[in-house]
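Consider the two complexes below, in which subunit A is the common component and subunit B and subunit C are the respective partners.
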Partner chain A sequence: MYSYWKNNQLKIAPWIFLAPGILMFSVYVIFPIFQSINLSFYQWDGLGTKTYIGVDNYIELIDDEYFIVSLKNNVIWLVLYLLAVPAGLFAALFLNQTVRGIRIYKSIFFFPFVISQVVVGLVFSWFYDPSNGLLNVILEFFGFDSIAILAEEDYVTYGIIAAGLWPQTAYCMILYLTGLNSVDPEQIEAGRIDNARGWRMLWYVILPQLKPATFIAVVVTIIGALRSFDLIDIMTGGGPWGSSRVLAYYMYEKAFSEYGFRMGYGAAIAVVLLIIMMIYIATILYRLYRDEKGG
Partner chain B sequence: MFPTPIERTRPSTQLLYKIALPLSIIIWLLPLLAVALTSIRSGADINSGNYWGMPLGYYILNSFKITIPTVVGALVLSSLTGFALGVYRFKMNLFVFFMFVAGNFIPFQILMVPVRDLSLSLGLYNSVWGLVAFHIAFQTGFCTFFMRNFIRALPYELIESARVEGVSEFKIFWHIVVPLMRPAMAALSVLIFTFIWNDYFWAIVLTQGAEAMPVTAGLNSLNGQWVYNQHLVSAGSIIAALPPVLMFFLMQKHFIAGLTLGAVK
Partner chain C sequence: MKKIFKNQIALALAGILAGTSAVAGTLVINGDTSDPAPKAAFQAVIDGFEAENPDVDVVYNLFDHEGYKAAIRNFLSADAPDIAFWYAGNRMAPFVEAGLFAPIDDVWADQGLYSLMASSAPGMTMDGKKWGIPYTYYNWGVYYRQDIFEDLGIAVPTNWDEFIAAGETLKANGITPITIGTKWLWTAGGVFDYLNLRTNGYDFHMALTSGDIAWTDDRVRATMANYQQLIDGGFFLENHAALSWQEALAPMANGEAAMYIMGNFAVAPLKELGLDDSTLGLFQFPEITPGIPMAEEAPTDTIHLTAGAKNVVDAKRFLAYAARPDVQTAWNKALGQLPTNAGAGVTDDKFLNQAFSMLNNDAPGGVAQFYDRDTKAEMASIGMEAFQEFMVKPERLEKILERLEKARQRLY
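On to the complex of A and B.
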């Protein structure tokens, strides 16, 4: 027994180290993904028996106008949330100096990322408040009419995304600040000699070197956009009339809220979200794989 | 350095920059300043004892009860998995690694129904431990990714020479690698602390009522009940935000090191 262990230590040891992690991760993450997929073919209220209904949930989705609204909002989130990447780059360029006290400025700029989205959501709902929120105080000061952003179907999603961009920009900024730290100074000098300045320098010399930071910024922003839930729940609860829902939120409503415990239908929405996400995960994994093989 | 260092620019640009810096901070924090003002203005109400009627302290205690075991658990599991994936070469290595990475990137809401069911059947629904178990499992994905890359960067010769000396794999892990992993553990613990403290989604999916609810979910329910006491809720939200903010300012270096892993080649 002991000698068997001695001889095969290198083969067995990794699996002993991996066992607890794999067990937990499988039980709570990997299996539930497949359970969700499986559940999407059933009708289930969470308590009684499950009834197999084939693809009926998916057929219902196609005609569900709230699903379409949620899907459309997800696309808006994805596109607009990515503004955090250039905004973060801009903030990083602005703060990448060595003047006195700059470290404190950097920390303060980063600050919104550290606080909970619940607090961000509360803060912005007060900021948007039509009667005495700061935004409308400012608008009225400049002679505009006040608007209740979170009560207008046409504006609500944009208002929530703006709140989400606040911490996300801070996140991208910190990624770029770290990236800028390691930009090769010789290349910048070489660029300066070749008379590259401002935008041209940024585009041709700096940005190529910031590629790893850009990649991570895009990845975390896309994931953040698809996971958006907290702000919507805090700020509007999906309203007005469901106009600010996204897939993750609609799924939650369908499965758990008073709108009915339709677990199977919720799972079908989850599968749609998963498919959208798979495209991104595949890209990320492909890149990791390439790096592993190349490096 | 890019952009051009400000001290090398024209005096007018330098002056402009000195004005723009504080101004930009004010604009950036405008929404927050408004809240701070509201809660300061309501200082009188807070002192009048109104404020302590909210079960906020209870929620904050729950947050600690959830966050601290999660940090410990995720660190333990991921130092094991990170070691296994970082040090050993075996066929399934990359596959297991990718499983952790991919799982970590999914929109976690899709796990909602099965995880809630699982917690119910384990008797962990609406308990602090139910949240802890899920958070440990989910965070293990990200932490494994982090630990594995960190361990890959350690000098491999250390492990090789220990093996030649006949040191067992467990002793290598415990006496050689774990002491070297301290910076990674510091970075991860601040990050995980913040992530879990700020979690809202799982708090509302896996708890119900005040017994196990952390402060994020608690604040939202207060916001509903205390709708006419906006300033109280705003004061509450500032208090709720304090632990991660303190953590960040105290351990900034580790926090940023953790967050920006991979941002530099």
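On to the complex of A and C.
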């Protein structure tokens, strides 16, 4: 026994260290995924007996206009939320200087990330409030009509995304600020000697060195966009008439809310959400793999 | 505050312990009376019951009002208390169908509730049995600014033409006729309920909410046409889709709006905002189709014996106690609502007196629970969302009705 351990120590040890993580991951992530996929073929109210209905839930999804709206909003979220990355970069570049009191400015810029999403949602709800909100006070001052952003189906999703961008930009900014600390000053100097400045300096010298920070910023922003649940719940509850829902919120409504308890249908929505996430994650992993291989 | 929290934890723990190892004489109740007034009111009921029944020890597990709606599904099937709070009408149907509530016809018979609670009996009946004890209900109606009506010489409208005329007078004076906040949807359900009850009557309304009538039916269209008359006429508060029902109270309190189609629970916050018995009034939603018996909305809150109850004997004693006229009188006095037992007394309050007489004398058509309690849950959410959309985009009527009809065919 002892000699077996001796001979294979290097092979076995990693698995022993990985075992707790693998166990947790299987029980709490992998197994539930398959459970959800299985559940999506049933009709179940969470109380009575489950009835197998094949792909009926998915057929209903295709014909469900609320689902289509949620899917569309998810795409809008994914695209627009990425604005947090360049915005964070420019905030970081702006703050990456040594002047008096810069730490205070940095703290102020980082502040929105520290407060809870619920507070962010409330602050923006008040900001958009049609009668007393700051936005409409400003609009009316310049002679425009007041507009209830959170009650307009065409604007509501953008309004919530704007609220979400506020803390997300701060997050990306912090990632870039750390990244900027590790930018090699010698390369900048070399670039300067070669007469690179402004945009060219940023694009060819700084940004390549910030690649790890960019990668993390993109990943957390995409994850943030897909989890955009709390802001929607606080600001609109999915309304008006369901036009600001995203898939995660629609799944929650169908499966767990006061008027829901269609577990099978909720599971089917979750499976669609999973597929979207898998596409994103696979793309990112593939690029990561390619970059590492390519060196 | 901290101490209360500690007590709650202790209670919850005690509940878990008692639930798993029920001793004779322990009665476990799960409830959602988390707001201060209902909480104190129910505690008084428990104290009274324990004083009369010293051999029974009541353990009350208090849940947060919203969280309770999800929790009840878990604890009923996993570790049922003896008694659980819930609501009448279709809301209790899933639990009755899943065999999680137990019928208590014997309590109804012993207490003479068939006659004493005749008005709320239909909401408690499924499969010909009674599934709980209604302990309180509250009225809906049109709450209005009595002083503004008097100043402008508007009489309380009793039919549709007078209602429209009253609205026009208000508008001519720069006042929004009806305030409403539809952000959380259900307020629009109340407006639809009244319009449909008055246009087509109670029986039609109940058939529609039970899924027996197509949403594309001409009679539904007639209701929607009346709805549209209010919308096109600019009767409702602007931007209502961005406002919660509480936020919509303000325009009424400061005189920018004059009416609110609401439940009795709006009276207390309106009074906090500065209105009193001389400035705030209540009238019954006016007649639309002449000759149709007036029906009202009065959602009922209930307590139920669970199928998994371990202490059925004491639970039935408690249910009987909760149904008693004197208990309901005190309980509802603390709640500021109406007792369901006809033998109970009503607190002397302008609005409660008026509502009590309205429900008992002027609602021959019947008493509806509310849109989201009379319809299936999923249909309710689709329906109320549709009403909100209709109120902002009335031109989409056809699409909305078709969507509702599609949902009805799938759900019923």
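Going forward, the second predicted complex is superposed on the first by the 254 of 295 C-alpha atoms of A that agree within 3 Å, B and C clash if a C-alpha of one lies under 4 Å from a C-alpha of the other, contacts with A are read in each partner's own complex, and residues count from 1 in each chain.
Just so we're on the same page, a contact is a pair of C-beta atoms (placed from the backbone, for glycine too) under 8 Å apart; a residue touches a chain by one contact, two chains touch by 3 or more.
Computed from a prediction, not measured in an experiment: that's the story for all the values here.
Q: With the two complexes superposed on chain A, say which partner A:Leu139 touches: subunit B (first), subunit C (second), both, or neither.
A: Touch status of A:Leu139: no partner.
Q: Just subunit B (first), just subunit C (second), both, or neither: which does A:Ile53 touch?
A: neither
Q: Which partner does A:Ala87 contact after superposing on A: first (subunit B), second (subunit C), both, neither?
A: neither
Q: Between subunit B (first) and subunit C (second), which does A:Glu65 come into contact with in this model arrangement: first, second, both, or neither?
A: second
Q: In the overlay, work out which of subunit B or subunit C sits against more residues of subunit A.
A: Of subunit B and subunit C, B contacts more residues of subunit A.
Q: So, A:Leu207: does it touch subunit B (first), subunit C (second), both, or neither?
A: neither
Q: On the A-aligned overlay, A:Ala196 touches which partner chain: subunit B = first, subunit C = second, or both, or neither?
A: neither
Q: First (subunit B), second (subunit C), both or neither: which does A:Ile76 touch?
A: Neither partner.
Q: Contact-wise, after the overlay, does A:Arg262 reach subunit B, subunit C, both or neither (first, second, both, neither)?
A: A:Arg262 contacts subunit C only, not subunit B.
Q: Would you tell me the residues on subunit A in contact with subunit B in one complex that are also in contact with subunit C in the other?
A: In the superposed arrangement, which is not itself an observed complex, subunit A uses residues 46, 256 for both subunit B and subunit C.
Q: Taking the touch rule as given, give the residues of subunit C at its contact with subunit A in the complex, in rising order.
A: Listed in rising order, the residues are 69-70, 73, 76-77, 94-95, 97-98, 100, 182-185, 238-243, 372, 377-378, 380-381, 385-386, 388-389, 392, 403, 410.
Q: Quick check: in the complex, which residue numbers of subunit A touch subunit B?
A: 9-11, 13-15, 17-18, 20-22, 24-25, 27-33, 35-36, 39, 46, 93-94, 96-99, 105, 107-112, 114-119, 122-124, 126-127, 133-134, 166, 171, 174-176, 178-183, 185, 188, 201-202, 205-206, 212-213, 216, 219, 223, 226-227, 229-230, 233-234, 248, 251-252, 255-256, 263, 266-267, 270-271, 273-274, 277, 280-281, 284-285, 288-289, 292
Q: Name, in rising order, each residue of subunit B that touches subunit A in their complex.
A: Listed in rising order, the residues of subunit B that touch subunit A are 1-3, 5-7, 17-18, 20-21, 24-25, 28-32, 34-35, 38, 77-78, 80-81, 83-85, 87-88, 90, 93-94, 96, 98-103, 105-118, 133-134, 136-138, 140-141, 144, 168-170, 173, 194, 197-198, 200-201, 204-205, 216-217, 219-220, 223, 230, 233-234, 237-238, 240-241, 244-245, 247-249, 252, 256, 259-260, 262-265.
Q: Considering only the defined contacts, which subunit A positions touch subunit C in the complex?
A: Residues in contact with subunit C: 45-48, 60, 65, 128-131, 148, 150-151, 236-237, 239-242, 253, 256-262.
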